[in-house]
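Each chain carries a letter (A, B, C and D) given by its place in the written order, and its residues are counted from 1.
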Amino acid sequence: MELLPDIIIPIIKILFIAHLLIIGVMAMIWAERRVSGWMQDRLGPNRVGPQGLLQPIADGLKFMFKEDLIPNHVDKPLYVLAPAMLLVPALITVAVVPFGSSIELFGETINLQIADINIGILYVLAITSLGVYGVVLGAWASNNKYSLLGGLRSSAQMISYELTLGLGIIGVLMLTDSATGSALSLRTIAIEQGAYLWQWNFLIHFPAFLAFTTAMFAETNRLPFDLAEAEQELVAGYHTEYSSMKFAMFFMAEYMNMIVGSAVVVTLFLGGWHFFGLENVGGPVWSGLISFGIFFVKTAIFLFVFIWVRWTLPRFRYDQLMNFGWKFLLPIVLTSIVVTGTLWITTGSRLVVGIGNVVAAFIVVSIVAGLLVMNKAPEPAIPDNDRQITPSALDAIE
Amino acid sequence: MPLEAYLILSALLFTIGVVGVLIRRNAIIIFMCIELMLNAANLAFVAISRSLGEASGQVFVIFVMAVAAAEVAIGLAIIVSVFKHRQTINVDEVNSLKG
Amino acid sequence: MNPEQILFILFGAVSLIGAIAVISFRHPIYSALSLIVTFFAQAGLFVLLGAHFVAAVQVIVYAGAIMVLFLFVIMLLNLGTLSAKGAMSRKLKGFAVILGILLAIEGVYIAVNAINDPAVASAETATESVNTTTYNIGELLFNEYLLPFEVTSLILLAALIGVIVLVKRGNQEEN
Amino acid sequence: MSKELIVVLLVAPLVGFLINGLFGKWLKGNEKLSGWIGALAVLVSLVCSIIAFTSLNGGAAPLDETLYPWITGEGFAFNIGFRVDALTAVMLLVITGVGFLIHVYSIGYMHGDEGYTRYFAYLNLFVFAMLILVLGNNYLMMFVGWEGVGLCSYLLIGFWYDKQSATDAGKKAFIVNRIGDFGFLLGMFTLFAAFNTLDFTAIFDRAEAGTFEQIFGANTLVIATLLLFVGAIGKSAQIPLYVWLPDAMEGPTPVSALIHAATMVTAGVYMIARSAVLYEIADTGQVVAWIGVLTAFFAATIALTQNDIKRILAYSTVSQLGYMFVGVGVGAYASGVFHLVTHAFFKGLMFLTAGSVMHAMANELDMRKMGGLKSKMPITHWTFLVGALAIAGFPFLSGFWSKDEILHSAWGSSSLIYGIGLVTAFLTAFYMFRLIFVTFYGESRVDSEVASHLHESPAIMWLPLAILAIPSALIGLLGWGGHDSWFHHFTKSVFPEAHHDASGNVILFMVISSIVGLAGIAFAWTRYSKRVPSDEPTGAFHRLLANKYYVDEIYNALIVQPVKNGSHFLLWKLVDNGIIDGIVNGVAALIRFIGGLLRRLQTGLVQVYIVSMVLGIVIFLAYYLFFT
């Protein structure tokens, strides 16, 4: 075990990424408020620092200096544990995401990635699936019925959308050549995609890309999938009882999840650090830095999409959420797997696979929509003032 | 580590699962203990698979997991039904099937 | 002590403690959490054994799906600690623990003696270091074990339908 | 003539049965359709029969083909196979011809009945079974048909199952037939044991050659034929098993016409004619002839005193069947079968006319409450008269020819049989015209209420009557010329040479028969044309006849009651209740006792079970690990 490559460089990479994430969270908080202000034709925070850039720091200070309340009725150990259980998975997922090609420094080839493990994509899925515990346990430990409802919704939603998340990448994995490394490694997947737009996976697996992205939104509990917090119904849901730094951790975890999710999407579907015209520019150091820049920009653009969607789409109703997950996304990704496999084996052409995927998804959506329309039960004649949703635990499972 | 170490660990985990099934009255905990036993078996599978230099043991583990998933789905549905009918999941209270 | 041994002892201890916690906690939520811890430790053991794929699946399936279902049900039914009603007699409990100890002794005995089995012994020395990759598993799964694989899918389908029937019928009865 | 033709012929009624039987529910609203489906199915068969018949008549070789093996075993095989020769062709024409007309008639007769579609389903099924009976080329097929017609007969007698008497009659028919069928089965077993096959061709050939196993020594064939004859006795209502037929009149009248006059009851005659070779070799014809002639006489005497139209016709049927058995018994197989044919037409006709009368009289059957119907129902009257003249042996009508042939042949066998037959002919003419005079002539004794809507039947009913009247009268002409007639030539190939040469002057026999018949008619005219018949029987003999010789009562006392008592006291009280129930209850009690002990183990506590399970595992493992 050598000191430099095996210990120091990883530690530097870890520190770099961890700080980048935290700064990214702050930037996101600022960006979200500014972008929403822009979208709603208002200003947003602009007092603290230039353009309000220091607003997140002010917020952070406020969180830190607030009293750390632990209500009497909560289940203390879990109440304390829950924010961490949400934050930690968000932090450690990023370990396998390749954020650039490689840099040659001090006579070492340094991959811009903390750990290139051969089952990287499975690792991502595994850790993502743990995120739900923070929400669920926080909700339960709060001993508050709104929180509990939020937790229930969250767990059901996570399980439903995790399927889409996992199945959505199968097509990508099928077309990834494992000659250059394990097909399950995110780095291999990124390398396999070329520099040009049509070599990126999102065009070849367009329906799967859309489904995966949607499921990713759901996993991050962002609008339009924020049923677990849903201020109007559940009074902020699972974090109702939280305040101060514990609340901040929930808050940070959400943004961190967004960032990591975007990075994963970029790696899987948007060509990773590739961009045409910027291949092999400069020396071994510069090309690595440029690749990191490309990755950074791509992730930022995708993050903008996150914010954009949040301030554009209204929240789903619970049954709509379930219908959408099980009746649209799941059939789409399943079809995508079948079509990709069949067409790849029979034709071996990515173009055919891409077109076939879109056509098949279109057909599936038409069929499902047709079936739904045909089986639609007549709307019950409920007077408008009775239409408010009654919080009831049994609603959640139906 | 030698194979025995893993197998002994597996045996201990299994036994803990068995004892859990025997002494707990909460159906859902009993159910968890069953999962524990399945996992102990999985551990033995993987350990022996490594020892034999064969992947078959791991394939079995994957089957076990699939079956466990099915079993959990059914088992939990049964627990929910039982709870709906009797408002309890204490296995000592669900005892109407007796001689 | 090499790192593998240290890690083994660490993970093994965690999983044993977790397992004991599962059967010791009064509240099912804590039992479930302990079980998750055990599963994680097991995943670690799998990694130690070179079974990365199985480790990942262990986390995805057990920790990510199965245990979430458990939590979901516990929360949905609001299952707390049970009343003392109909409690099992102390004698039977003691008897059960004694049985468990006997079973453990037998299990350990089997584990220790398994090495004496010539088939196991010969293989062990030869291939201590072979890492099975995902590729190997996939190859076995879709060639040699194709039929069991398909049967598994049937089992899952049956479970799916079974659960729907169970829950649906319950709802209809209520209505 | 091809195999396919025969299959179509056979399957058409089955299709009709399936349609009416399975989809009857949907046909209910449209009963006409249901009826026509039934009739059409039989019409198809009729057309096929005519084609088969003409090709045979044109000199085609008889068909004897196997469709497919049914039961195959070590050293034997039963096949589904057909044999269509002259005898079968004649039977086919009778079954489908009369059957078709009766189907058409039923469309009108059963109008408005609850079980309309069920009726036609049964009727089609009957035709199907009857066709199997006559088409089969082995005894097993024949037996299948034999049982099939028995079943349909039971179903149709008890057609109005909400009427106690109808279900009783059905059961009676079934049970009595069962006795006969048992004989038939035994006969079949005997044949199988002797020949190791049931195919007609094989059996007849080897019987002639004498190459079969003499399982009962020299008497093998005697026993076999007599056992088969027991079957015929049951099915064709001969002494002593005739008792079911009069009661069978509880069924709808067209059923009586088709099943209990024209076709099913003649199955026994057909069977003996078919097995003619065996009867010739075994020389058991005498038994058949004697049973036949006694039945003929016996039934005719009962018919003299009955007042119920259908019962008179039923006893007349029994009596005429007796004639047929005389025919086949004395070796004049063609004559017997010929009488079967003519009888099918005129007796079918008479039953249908009786139905027509019933239809008009609101189901009244007692002829003492009729009289003078001639003016109200002219067509019915005339057609009935044709039938009656035919059966009475009025010169040159069909019954005259066929009966005369039988009597002629009987003379060659035994003059005593001839004598009894002649007396019976007189009685036949007498009771038949008693029926006519009392019903259609004289003053009307009809209830005023019924009289007000007394009317001729609708066309759908009288048209078949009119059509049927023509062959009833004229079909006898086929037998013009006695043993040299067309009919004898046509069927010659089927039957062995008659060994009793008909002797004596043919014309003389004819004249005697005619005189006897006319005398019967005249005697009836003198007694009944003007007079109202007396209600009460006078004199012991009359009372004996009116009560049908008390045969039913004797059977009841000698057989039914002992069996009933034996069943009740010995089988039920002692064997069933005492021994069998005792054993069963004892076992149950023992198990219950043990279970009572064991149930304490079943606490309902799952964990107790698991603890026991784990205990078992621990012990087993310990044994396995440390003691092996």
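Heads up, the rule we're going with is that a contact is a pair of C-beta atoms (placed from the backbone, for glycine too) under 8 Å apart; a residue touches a chain by one contact, two chains touch by 3 or more.
Values in this document were obtained by computation on a predicted structure and should not be read as measured data.
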{"item": "Centrality ranking, top chain (CA atoms only)", "value": "B"}
{"item": "Between B-C and A-C, the pair joined by more C-beta contacts", "value": "B-C"}
{"item": "Distance between chain centroids, defined by C-alpha means - chain A, chain C (Å)", "value": "29"}
{"item": "Between chain C and chain B, distance of the C-alpha-averaged centres to the nearest whole Å", "value": "6"}
{"item": "Cα-centroid distance, chain A relative to chain D, in whole angstrom", "value": "87"}
{"item": "Inter-chain centre distance, chain B versus chain D - centres from mean C-alpha coordinates, in Å", "value": "73"}
{"item": "Residues of chain A whose C-beta touches two or more other chains", "value": "none"}
{"item": "Contacts with two or more other chains, residues of chain D listed in rising order", "value": "605, 607, 611, 614"}
{"item": "Residue numbers of chain C (touch at least two other chains)", "value": "53, 57, 65, 69, 76, 88, 96, 99-100, 103, 110, 167"}
{"item": "Interchain contacts (touch definition) - all pairs", "value": "A-C, B-C, B-D, C-D"}
{"item": "List of chain C residues in touch with chain B within their complex", "value": "4-5, 8, 12, 15-16, 19-20, 22-23, 28, 31-32, 35, 38-39, 42, 45-46, 48-51, 53-54, 57-58, 61-62, 65-66, 69-70, 73-74, 76-77, 79, 82-83, 85-88, 93, 96-97, 99-101, 103-104, 107-108, 110-112, 114-115, 120, 123-124, 126-128, 130, 132, 136-137, 139-141, 144-145, 148-149, 152, 155-156, 158-160, 162-163, 166-167, 170, 174"}
{"item": "Touching residues (chain side chain C, partner chain A) in the complex", "value": "29, 33, 36, 52-53, 56-57, 59-60, 63-65, 68-69, 71-72, 75-76, 78, 133-135, 167, 171"}
{"item": "Interfacial residue positions of chain D with respect to chain C in the complex", "value": "605, 607-608, 611, 614-615, 617-618, 621-622, 625"}
{"item": "Of chain C, residues touching chain D in the complex", "value": "88, 92, 95-96, 99-100, 102-103, 106, 109-110"}
{"item": "Residues on chain D engaged by chain B in the complex (per definition of touch)", "value": "595, 598-607, 610-611, 614"}
